[in-house]
């Protein structure tokens, strides 16, 4: 279903996908999700987090309907018991356990408040490839969090996040970036596992709802990383700052106000089905819980606008016999990222891989 | 998906399909519909009505989620701007506009309170082929209007309208045509673009709810026209009128009462999906708004009865491996019309067309 | 759709399927159901019960939307009239009735409060093959009844009923069989049209909610019969009874208490769609209406637990590219029954059949 060569639905398997919010998985708790079409149960014991194929070897009942028994997980259909490696260690009414009685185990890491699941070759699972997100518990930031399910292919959500010119249109009534925003292009920097976007907007009052009387130079930058993770920092500086730092990245400690951070992650669940995870909030020197709540309310509105547009786009694509796109100048980031995805997916499919 | 040779789902493309009620599309308003599977946005500027493919050339977002800017329509995903011919005239952040940046434009005519969309070769769009319906604003008639969506193929609704013997059964509790109605056949007249039905019922008191003490000769006639438009006139005359006009069409000015008119149009939206538009009401000499409201209430009941039957029929067809029908004598109109559709569809598919 | 050779969805056609509860079909009443994918109308005249293909020969409208006219059934689309053999006997507006104007008639028997429909060759319909269920009106038993629709293949429900070790897990909070229950295997006896299960549990207090202070030997046995009918008897006896009757079937008249009976029937309606019928209650010497109501409430809880598990299992199977199962020791009954189904289905498909 996924990774059809040449198709739109190419995703990289050797990557860390966000399977859920860490605080949503309590000790001795279970959580079900599909990633790249595969049903997966996330399981936290008192010792560790575990990701297993959510499918008992016996009759394919989901283990996510099971019962946590310390470091064991029992399928609650006919009682098969599994250890944290996915090995079946007990079959009620039967003494011998076939060695093949084992479900696939996925590498999983609990970091930055997200549960990262490695969908590719377990031998190649490398924690250094986990995007450097910021967790909810980070003392520097005051972050809120949320998530949203899409009836759309994850790649369309990625494309949306790779071209912020949509802020002018989709978010005319929320983020309110204004027409000039869509006229200018951000600076792009290809990264080994993604694309970096940088943008100075000089002499501005900020967006509606967060505007001020004084003019500032506003900086924002985000990395969009494999498999579909956005990490973004913003801040407002004194007029002239953009020029004085040569339109490069400023020193955040000199910001006047508005330093915020947002993490966003797009997880392909199945065909035309994706989950979108996000956090947002101010740096502790630039805001408080009230500002965080304001931003999360704004995010709820804006991300709802994205969802309406992207799900409608998906329906039109589905109603089109031979869908084809016409890239614009703003699509350079989209193309860089998708070429990277295609290259990595091809390499995975190659015989040597 | 449509116009499969030999299949049931043949529809004529070179025809005017009703895309909506004209009064429902305000100036600077947009409306989305699918016709023959194609997503279409209907758009009224201050000058004209426009029908465009509802699919931005950039990333296939629907233009029906766009913004009207006088004689321009802006896609609200990334801001591409279109003129009324479907030509893209602005791409934010980009100076050059590729000449191929154009969406399909469909001929459209606002007439008889309906928005007629030509789905075939634009060169062959001929306004003379628009069925001569009667608009809501016609001073001769006092008409109400409605519409209903079906989860069924349009052709099954057409078939229903081409055989009124169902009035005796489907509408036993609403129109109440009585058993004898289904025993007699109307006179059929093949037309160039449809079939005409004519029927005198002599010495009758009229249907339940509209019956009278005096006996009358009741006349009704309807044309069922390509692609699926019914235009029907009825009236009650003095006993003997049928014979005295040789069972031909009477002079409506001699009607005693009950002169009414109804327009009905069936639009195939997609597979197993259709929209049914209808008006009904008395001639101004034979009724008033109260009678119109009575008739519309009756129509709501009766057309709901049709919907239950036809959607159930569709489900049975879908559950049948090799569906086949057994035509009866009442199917002559059904067959005449469907042969006409097949002949026109074949001609369209021929190389010379 | 059904009976694909080698596939999972093999069902026997030459068998009696439960089409509904007899008391739910009143005289001059109609009821629609699909069995093995085929739409069927059940019809009770004042004289008999009838099962016909639910599909008018004219335009495939369902006869279950029709009108009962004594020993005739009228399609309420265009009025075709059928007799109880499925022969069309009247076509409004047409004198001649083609001899082929006939819908398939299915053998049907009203017995044990169920309407049994024979889906195979009518020549081979043998009432002796109707499973010996117990009807609601049987004076020996005080039975309640219910039914439940599944979005799952009937075969998965059959499998569930063929391995009661799931009582320990699926029904931990309802039937409460306890862990030891799943450790022991019942005795299996292959039958000509099914599998018999027998089980003594000695020195037990009974399940939670129905436990007693005194210890008893508990007996239970059920037959699971083609096409998917479970008939089960249980009872509690004095300690030592199991041994004294050599662990064979006891004499129910010596039971101390808890003699109950349940009939359960699984009907495949369509792919991933099944209806589950059930009754349960005490013998009249071992309980009353209050106990019956207690048992039915327990059944509602427990059968809801089954439904959650089996529908979840179905979803996982659907999400698995190549689903395969790993049978355990408890699957012996499952395998015996499914081998029987496969053997009978193969015999039906053979040329001589």
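Here the chain labels run A, B and C in written order, and each chain numbers its own residues starting at 1.
We adopt the following convention: a contact is a pair of C-beta atoms (placed from the backbone, for glycine too) under 8 Å apart; a residue touches a chain by one contact, two chains touch by 3 or more.
Since the structure is predicted, the reported quantities are computational estimates derived from the model, not experimental observations.
Put simply, chain B has to spin 120° for its C-alpha atoms to lie on chain C, with the angle rounded to a multiple of 5. Shared residue numbers account for under half of those found at the interface formed by chain A and chain C, and the copies are therefore classed as meeting with different residues. Centre-to-centre, using mean CA coordinates, chain A is 47 Å away from chain C.
For chain A, the set of residues that touch two or more other chains is empty. Across the complex, chain A meets chain B through its residues 156, 159, 163, 165-166, 168-170, 172, 179, 182-185, 308-309, 312-313, 315-317, 319-321, 323, 325-330. The touching residues of chain A, when paired with chain C in their complex, are 1, 34, 37-39, 54-55, 57-62, 65, 67, 74-80, 91-94, 98, 100-101, 270.
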